[in-house]
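So, here come the structures, one by one.
In what comes next, subunit A is part of two complexes: it sits with subunit B in the first one and with subunit C in the second one.
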Partner chain A sequence: MAKELIMTGCRAAAEGAKAAEVEVICSFPIRPYTAIMMELAKMVADGELNAEFIHGEGEHAQLSVVLGAAASGARAYTGSSGVGVTYAMEIYSPMAGGRYPAQMAIADRTLDPPGDFGSEHTDAMCTRDQGWLLGWADSPQEVYDNTLINYRVGEDHRVMLPQMVCQEGYFVSHIPDKVILGDQSQVKKFLPPYRPIGPLSTTKPVSHGPQIRPDQGAPMDAMRAAVFLDVPKVIEEATADFNRIFGRNYDPFVDQYKLADAEIAFFVMGAHANTCRKAVDRLRKQGVKAGMARLRWVRPWPTHQLANALGHVKAIGVVETSTSYGGAMRGGNLIHELRASLYDLDQRPLVTSFMAGLGGETIWPADFDYMAKVLTEMVKEKKTKRYVYWIGM
Partner chain B sequence: MAKVHEITVWARGVIMDKEGRDVINIFAEAAKMEGKHVQAFDNYEDLPDRVLVTVRKYVRLSDEEIEHKYVYGNDQPEVVVVIEATIVKGIDVLLGMKKGGTLIINTNRSIDSMLKFIPNANLLATIATVDADGITGVRTIDFSGSEGGVDTSGIGKGIAAPIVGAMAKVTGMIKKENLAKVVSDVSGMERGYKEVKIKKLG
Partner chain C sequence: MQAFNYKFQQLEPLKSFKRVPVPEMYVPGHRTCAGCGPALNYRLVAKAAGKETIFIGPTGCMYVANSSYLCTPYAVSWIHAQITNGGAVASGIEAAFKVAARKGRNTGVFPNIIVMAGDGGSVDIGLQAMSGMMYRNHKVLFICYDNESYANTGIQTSPTTPYGAKTTFTPPGKEIPEGKVLFPKDPPQLVIGGHPAVKYVATTTIAHPLDLMNKVRKALSQPGPTFLHMLATCPKGWLFPEHLTKEMARLAVETGMWTLYEWENGTYKYTNVPKKYKPVNEYMKHQGRFAHLKPEHIAKMQAFVDEKIKNVKQAIAVAAPVPTARQKA
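Up next is the complex of A and B:
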């Protein structure tokens, strides 16, 4: 029987990994994701989960261990936060290029300096061009769900890619909320066992990751890029199956809230969406036609889905929770790709960005009111006056 | 939108981190028994693993589902509880409070002597003190259960017990009988309820 419990995002991630019956887990402590590993360690110790639990000597080792585990045919799970995510940087590309569909849970955290516990998308966003699947959840429930959806998509033979299942540190990782855990029969129906392609084996020796010549580089990169053309279809199938089997209602790529007749829209990622939805309701009561689009996948980036969802809106405010110092728009990352996604439309919306929630700052309901004011002025004046507004300073 | 009652608890890292967490968990548990929607969470960004740093814990109670449950902090606390009295010397614990709020301090000093350290006491309708350390003996339970570890020591064994008793009396938000079902040290809680000193302000 599916059951509803109250739990944090960390616990929900561990429950997702347990439901997926992961076989190899590699841990190393760093806040705030640590609680995921503490929960899993307890599950293994209590005999609820039959997995090899290895404590790595650092994040680089963690990723190396799960790479090896996935290469030998095990469903593998690891995770990190903040500078732990960047410490493992070397392994991300080999893991995606080698097509090892292990999963990494991220409870995000700011990078240094100077050392801050707060949530920021900056850590995992650094890895976005390494060939992994990547996306943020907006609640503990979605953390659990995304854990299963990501294994299903990543292990599909049309995909075979590692996945980062991200949640915001503290906002999601440490705030308890209702989570419906699936029944194991539902999980089995949704997630087939991991079938590796040409795994490392003592009885049938194979080589993985041999050196290549420069002239083989471009074809290999083209293949890695081409895989991502197939991923959206697999995500759509997996999301439809998940919705049907578990009784959910996810849009595969863009969570749309009151967008149909919206004149201004917030473009957000993660749990700030929960505050944003309420802000949209409040603004609507005041007669402002506001809406919200929440991105569920950064990789693959849903270019056309965003153009369809947001093309009719007059002004869009990208709520950025990561930084791109010196980038084209002088603020965060998301605005670059959102603007690119809208570029081919005949009537392009105005797009600006709001740097908010950095360093783990809460984005307060009133902050959204301010953003709405800026967007409304943009609509009135029919121009983007500034590319970036810094919120909460 | 139903009114959400926000309660912020101030404690100190490590030495009374668990006590602070016990206060919010007990209060939320008891309120849940009365059919309230509740939320109780630590502020992790306060770095609770550092000895003596000020740490905040939050409770929210509401008759309906709490809309801003992912807002990570109480920006308009209606009740503020200070578990270690010297915190008031350096920090504006009433920040964000609207006029008519409540402040409860764990101390054996008089209310008037504490008021000297509250420059914005005009926000308060009620101030109260409870000598939790005097009631239970200086008994703070230290347990780092904050990162998914399992706390089997029970909740409300130390100074949290008299403090939640005092909170029930002063705020009237929860019933003492329900607290008794949650706290380990019921007599400590009862004494906090009975012995809390309350002063109504203008």
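Up next is the complex of A and C:
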């Protein structure tokens, strides 16, 4: 029987991992994701989960342990936050290039300096070009759901890629909300057991990761890139199955809110969408035709889905919660890819960005009102005056 | 957690060369240098371990020269690890096989899981992962094949490069005539000193093949983590003729530059202890890496070795060598 409970995002991630019957877990403490591992440690200690719980000696080791486990046929799970995510940087490419579909839970956090516990997308965004699946949830419920959806997509033989399941530190990881936990029969129906391809074995010897010649590099890179052409289809299938089996209503790629007739739109990621929806409602009451698009996957980037969802809007404000110092627009990362996605449209929306929620700051309803004002002026003047506005200075 | 009876392997000692298994698990077809010590080392380890084995190969000579062009010389399963994380990748593999055994997915014998790491991948950049694996009591044999340098990258100093050796990062010059001024780390003592889960540690060389293979088999028959330190001589890095590969390892033991011992549950047992040690220069004079040294430098090396072998006959731990600070001779 499905159960409805009140829990934090961290607990929801652990419940997702437990439902997926993960077999090798590797921990290392760093706030705020730590609570996920605390929950799993207790589940293993209480005999609710038959898994090896390994205390890694750092995030680099965490990734290495789950790489070895996934290469040997175990469903493996780890996680991190902030500078922990970047400490493990060496291992992201070997994980993805070796096609080891382990999962990493992220409760995001700023990078140093200075030390700050606050949420920011910057940590996991740093890994976006290493070949992992990557996306943010907007609630504990979606964290639980994404944990299962990501294993299903990542372990699909057309994909075989590691997955980064992100939630915002504190906003989602530590604020309890309603979560419906699936019945184990639903989970079994949705998520088949992990079937590794050519795992390490004593009966069928294999070699994983030999050296290549430089001229063998380009075809391999092309293969890694080509996988991402197939991933969207697998995500669509998995999301449709998930919606059917668990009774949810996810759009596979872009969560659209009042976009159909919108003139201005906010482009957001994660739980800031919850404030944004209320702001859209309020703006609508004031006669502003506002809407919202929430990105569910950063990798694969849903290029065409975004063009379809946002092409008709007159002005878009990208709400950036990560930094791209010195980047093309001198602000965050998302605006680059969104503008690229819209480039081939005959009629391109105007696009600017708002640096908001950095350092773990709340993005307030009033901030969205200000953004709406900027976007409305852009529509009126038919011009993008600035590429980036810093909110909360 | 409920105790579970994993089917760990027990490998009988090889009484003589006649008993050595014929099948090769490390086969021809690699690109190692002529006279390569580590390649010979690998072959002996693989032969001793046998078919039911999984190797973890952190980056180093034995990655780059063995697995070129998508080909590998392993007749058993092998996985590349980064130079940083051999111990951690091995931990994950071991954990996966434990869960698989508990869940009845893998009913055969538990594989020998062996990390074959160079000195850098063991006690320099790989130290953290090795130590973590040992602390957590994984059933993994960690082997340091020690060619006393980062050889694959063009002979740079590592923490096991001897005092006075010329490497491309420790070139001798007017200001620093010795080349390398630091004295090396002591890998087995690093393991023994701080890892209570490790019950068996031994040293060996490629000039003592039966000894080497039996130490591998004994280590693999322990229920927990083990460590072997193997001298794998390197003609290219040490600058000696290729046909002297075994001879250099033998001389290392005869001069006291290397000691052969087993450490089991707190007890040391030394073997191949010479009746009378040869002077260290008998070993050093064959190697171009020491050719620039002056008599006072060789005397300093002799004093270091004398201190090291002082207690060997009493079968107690080697004394920690003293001088490490940069100083002119």
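Following the convention adopted for this analysis, the second predicted complex is superposed on the first by the 393 of 393 C-alpha atoms of A that agree within 3 Å, B and C clash if a C-alpha of one lies under 4 Å from a C-alpha of the other, contacts with A are read in each partner's own complex, and residues count from 1 in each chain.
The criterion applied here is as follows: contacts are C-beta pairs under 8 Å (C-beta built on N, C-alpha and C of every residue); 3 or more make two chains touch, one makes a residue touch a chain.
None of the values given here were measured: they were computed from a predicted structure.
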Per the contact definition in the header, classify A:Gly327: touching subunit B only (first), subunit C only (second), both, or neither. neither
Between subunit B (first) and subunit C (second), which, if any, makes contact with A:Gly118: first, second, both or neither? first
Pick one for A:Glu39: touches subunit B only (first), subunit C only (second), both, or neither. first
Let me test your reading of the model: by the given contact rule, A:Val24 touches which partner, first (subunit B), second (subunit C), both or neither? second
Would you check which partner chain A:Gly311 touches, where first means subunit B only, second means subunit C only, and both and neither mean what they say? neither
Would you sort A:Gly97 into first (subunit B), second (subunit C), both or neither based on which partner it touches? neither
Return first, second, both or neither, reflecting whether A:His174 touches subunit B, subunit C, both chains, or no partner chain. first
One more residue to check, A:Gly392. First (subunit B), second (subunit C), both or neither? neither
Which residues would you name on subunit A as touching subunit B in one complex and subunit C in the other? none
Which part of subunit A faces subunit C closely enough to touch in the complex? 23-24, 26, 47, 50-52, 54-58, 60-61, 64-74, 76, 90-91, 94, 200-203, 205-213, 216
Quick check on the complex: what are the subunit B residues that touch subunit A? 39, 41-42, 44-45, 47, 67-73, 75, 147-150
List of subunit A residues in touch with subunit B within their complex: 10-11, 31-32, 34-39, 42, 116-118, 139, 169-172, 174-177, 271-272, 274-275, 278, 360, 362, 364-365
Spell out the part of subunit C that touches subunit A in their complex, as residue ranges. 1, 51-54, 56, 63-64, 67-72, 74-82, 84-85, 87-100, 102-103, 105, 108-109, 111, 128-129, 131-132, 135-136
